[in-house]
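In what comes next, chain A is part of two complexes: it sits with chain B in the first one and with chain C in the second one.
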Partner chain A sequence: MVEMNINRRQFLKLTGATAATLAIVELGFNEKEVYASSKELKIAKSTVTPTICCYCGVGCGILVHTKNNQVVYTEGDPDHPVNEGKLCSKGTTIRQLYTTEKRVLKPRYRAPGSSEWVEKDWEWMYERIAKRVKETRDASFIEKEGGIVVNKTERIASLGGAALDNEETYLLSKMMRGLGIVYLEHQARI
Partner chain B sequence: MTNHWNDLQNTDCALIMGANPAENHPISFRWLLKARENGGKIVSVDPRFTRSSSQADIYAPLRSGTDIPFVGGMIKYAIDHKLFHKEYVAKYTNAAFLVKEGFDFKDGLFSGYDEATRSYDKTKWEFETAEDGTPKRDETLEHPRSVFQLMKKHYSRYDVDTVVNVTGTPKKDFLKVCDAFCSTGKPGKAGTIMYAMGTTQHTVGTQNVRAFGILQLLLGNIGLPGGGINALRGESNVQGSTDFGLLFGDLPGYVGAPKAIPEHATLKGYLEKETPKTSYWTNKPKFLVSMLKAWYGPNATKENEFGYQYLPKGNKNYSHMMLFNTMHKGGLDGAFLFGTNPVVGGPNAGKEKEALSHLKWMVAVDLWETETSAFWQKEAGSDPSKIDTEVFLLPACSSFEKEGSVSNSSRWMQYRWKAIEPKGESKADLEILNGLATRIKKLYKNESSPAAEAINALHWEYGGHGDHPDIDVVCREINGYDAVTGKLVENFNALLDDGSTVCGNWIYSGFYPEEGKNLSKRRDNKDTGGGNFLNWSYAWPMNRRILYNRAAADPSGKPWSKDKAVIWWDGVQKKWTGYDVPDFKAVVAPTEPGGQSPFIMMKDGVGGVFAPSLNDGPFPEHYEPYESPVPNMFSRQESNPTIMIFGGSFNKRGDRSKFPIVGTTYRVSEHWQSGSMTRNQEWLSELSAHMFIEMSEELAEEKGIKNKDKIIVSSARGEITAYAMVTKRFKPHIVDGKKIHQIGMPWHFGYKGFATGDTANRLTPHIGDANTTIPEYKAFLCNVRRAD
Partner chain C sequence: MAEYAKYVDVTKCDGCRACMVSCKNWNDLPAEPEDFQGSNQSHAKVTANTWNVLSFIEHENASGNLEYLFRHSACFHCKEAACVKVCPEDAMHYSELGTVVVNDEKCVGCGYCVQNCPFDVVSLATYKDKHGKEYKKAQKCTLCTDRIEEGMQPACISVCHTGAMEFGDRDKMIQKAEKRLAEIKGKFPNAVVYNPPGVGGTQTIYVLAEKPSVYGLPENPKVPTSAVVWKDYAQPIGKMMLGATTMAVIGAYISNKIFYKEDEGDGGHE
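Presenting the complex of A and B:
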């Protein structure tokens, strides 16, 4: 058997860490026994919120069931005209974007030369980043080039954004160009 | 996509080429299967027999990088067998236009080539014009200098035997594809072309798509239900992020970013140079001035050119590969990365990782610790003590922990509601951007240097709570409103160039036409006809579902066929009507000026069979990939003569004597892009747990490799180790009598997450398309050997 970062037992434990019973339900074990109580466990009294899948460009509808500040279940949106309730393997497991232990939950900072992350609060991060941006921008700002006003910095780049919402990409474009950034690229190029 | 996902059910023939929707856009395939239930055919052309191929009526293999010979051969087939839609071609495309004397094509080069600059003088490709400046035309298509005749001559060289000799496609399979797809040239039939990165990620990527465009115009397939050219977007909002100006060359709404050239020195100069005299783009001044009002608010006045001078003006190509090349040379100090992972996804990824260590600071905004934000770690093969980059990792929340809209391939702007509070201390990118912008602005508040002046002028008032902006304010700014009253504009027709209207992105204007009506939130799923679902969400522009739909009607305004009707001229009501929002001024009768010009965004109102604006020629011509296993059999030009070459140690070029095998990358259903959104999930990691290299039984036998053996793949850039996956899905191609092997590999893997593996992109080159500089991931040279 080839190696993987997790073996099956650890894998069950990982999923179970959030809700042991649910993990078993979703993996299809003890089917009959669990089925009887599943409605109460998962769907009952949960809040249902429609979303659009975050993976490919098909844009399938997904319903997110939440209860007690947990994502208890996700399923294809039967009212959506493109997927009519169906989902692929990625869309089906969208719940784990929330439940996985791999999520970064606090800002992390790595100092020059350091071999580790240090957790910081948001305000510290914002202020330090703003300072670094200003330093670089001020030192590299080009007001004019060949007599033409160019108002740019060629020493800061911005990459990415294809996973962001439209409203976010709009603010990203406005902010970066507003700062004079010309190295502005994202995944559509690659 | 010119059309949309549900519309696939209306097709008579779907040509899937350079895409694999059954695995990479699985749900889209439902609509193709519906088309088949209605009698439609599915055709798959791919170097590998994919799951899409397994569902197809016809499959034809081809060697990676030979799309132009293949489609060029189809163009010739359609012309030779008179299968093209003659009236459509004569009226709705530039095939009838005459090209100026002196245009020529010899041995792989069009007229006007300059070897020193590797570029063309495009004035050699201009149309001959009448006194009023419009192109001269011959609608009989017989004039020897007509685009049609020049095209016919160009593709006369793409005869069946030459084509299959280059592509390695069995002749009978090639002919089956030609016969099936070209049958859609009849009025009443529609064929669609579905493509993705298998088409674009080549040094001739743009021309690959152009070849599709020519074929579809010849067959009269653009504007029709079940027709069109449909790019299958790989990311949930790569459509929207491009629309909103996240590529260096375009501001939101595809208004070109100003450059540091004398003509762009003033707003007036820019508008004079960049506003065409004809087409809908004559409105460009309204779009740009309204955007400047959105960006600079009260600081945008008539006296200061509406803040035009605050916009940065670049002087070169700043695209992805140039960016990393500059970074590697120490030319960049800081970088922001929003949900992107170039250490896995970028070309020549080993070098891109090295480049990051030249940064002084890097801000990564992501749900995960990725191979990119952790590039300095021992695990990444780095020595942290030698890397001075300061790294900030800001935790973003997932898509259902916030609200906002995304635009799918169909251009449907669909709203996502917030289902739960962001996990831990993670935040929406909207909040993070606002948090950063307000703090940076604060540092400049009391300064008056030119750098301070530009950022101080940026209008940034989004209300909300704490750092989280009120998203409704952002939505209003995107849609546009009256600068004085604040009243929302109905759509982009209401925009003006005098500073009285505000609009962040004109192509989206209309999604929020009045108070309380953000149309991206609509969920009425009743089919309004033709599968267009006009009341579900909002499709830009103007809620149109099928672009260029005027072309689905004949010049007199009647549908070419009842079966493929979309919009038509209603002589009683005196307007265009039908199942879609007309992509045309609704009250212009077919008999009025412009009433027979369906391509309203094009300068001449017609589709471009001949494209005099591209860098590498007005017709697609075959050049071999930058790294090719064989010489070019069409001309002495080996690779595209206009691509930018990155030399030196940063980008070594592989030679066929050392690397005789064609390599290509692809994706699997269970993983997505660089894997950070799937390898951090338990189930998907277990479903597809390992990096592998797929190869034919024939190649495996030659190399003494068995299924599941550990093997090493090498290219001029590096080596990776993975498991061999020996399948019947790859077969050697017979090219010019020689056996050419091709292998394929997923590009999802890296060293982070639950499922890990070597990164395929350590093998791929820093070389790109002559127009877009998209990297040539899909055809590079490599070799394989057993690891033990």
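Presenting the complex of A and C:
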């Protein structure tokens, strides 16, 4: 007869393994549960960032779902007072603003008379814009009109977009008024 | 489990098409650019990659004026679905929520569901495997079964800003539809609640402003009789016959063996 040298620990391990094997063999493997966990909801574990729709002046709230630095889904923000989770067809497409191949990722400059767009860095752009604004303002500045001090320029206009929020439009209008610009327009006027 | 339904009140729809986009966005479906159809409608019909389409129907009302009739059209999720009935692979099935969904792994792309759907909302999508070989699978609206399972509303409904669509307990949605029908009867005398009994009722409850035929819907859709005959009668009988035939063949084989042996025993070697 074969002598069985089993200590307590081995005995427990063996019975445990047998029980586990039996559990799988006898009770079966829950296929449904495995299927459910393999097909995870696409926004599960995504990072949610609230934003404002940039398309029109209504200013609907949007939730952006990101995973591994990719936008996986966008939806109306149910907690936003403007749209209460609803969106129009254009606002619903906002994910494409990020995913589209047509998106311009760097500032581009087209010199006067040129048909070519050249990629430039932001520093270059800021300096260029500041220089041009100064030149135009200095050349067109009107101090007095009909004996009244006006301190304005009529050669520059400012156009604001719908993506600007309350505070940004405030700062923008302050800056423009400071420059003497009288033509201030905003897309929220629609 | 409670039965759910999508409630669509076409009289509140303003034709913004957000439901179409929302569906594409949630289900990651590719865009399908189509040529101008001659009307404001963007796509001719529901396809394998466009699971819901907002139809714009130019209708002349009783006073002879043009009336735009909008209808969010998608899979109806019939209680007795023809597509489920005809599917030979059991790929088209009812989920635990009662929605009609396709099991991609089982679908062989035979297209029986496409041919038998009374509402023409199932289509085959073409894919390519890694060797570049094309294969097809039936695709259609899932009523966002994955979202419902997580306690969320279907994507198309969550985006609707006019309240034309709602999602909830089926009985409540039917009640809501009946109540709404009474409200709009004065303005739309032909208005009906569309929940056709020929397919066992649907999980999409429509309040239509006109007769279903005006919206391009069948007045009394049914599971095709041929499908019922084939699946409920011909196939079971056929299987039985096949069993009987098999048994007969086996019986014949055994009896032949016995007789052959007897012959062999009697006749000996030639």
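FYI, the second predicted complex is superposed on the first by the 114 of 190 C-alpha atoms of A that agree within 3 Å, B and C clash if a C-alpha of one lies under 4 Å from a C-alpha of the other, contacts with A are read in each partner's own complex, and residues count from 1 in each chain.
Simple rule for what comes next: a contact is a pair of C-beta atoms (placed from the backbone, for glycine too) under 8 Å apart; a residue touches a chain by one contact, two chains touch by 3 or more.
Quick caveat, the model's predicted, so the values are computed rather than measured.
In the superposition on chain A, A:Arg110 contacts chain B only, with no contact to chain C. By the touch criterion defined above, A:Thr93 reaches both chain B and chain C. By the document's definition of touching, of the two partners only chain B reaches A:Val150; chain C does not. Number of chain A residues touched is higher for B, counting chain B against chain C. Contacts of A:Gly85 after superposition on the shared chain: chain C is touched, whereas chain B is not. Of the two partner chains, chain C is the only one touched by A:Tyr73; chain B is not. Once both structures are placed on chain A, chain A residues 83, 86-89, 91, 93 are touched by chain B and, in the other complex, by chain C.
For chain C in complex with chain A, the touching residues are 16-18, 20-22, 25-26, 28, 146-147, 150, 158-161. Residues of chain A that touch chain B in their complex: 2, 4-6, 8, 11, 14-15, 47, 49-62, 64, 66, 69-71, 79-84, 86-91, 93-94, 96-98, 100, 102-115, 117, 122, 125-134, 136-138, 140-141, 143, 145-190. For chain A in complex with chain C, the touching residues are 39, 41-42, 73-76, 83, 85-89, 91-93, 95.
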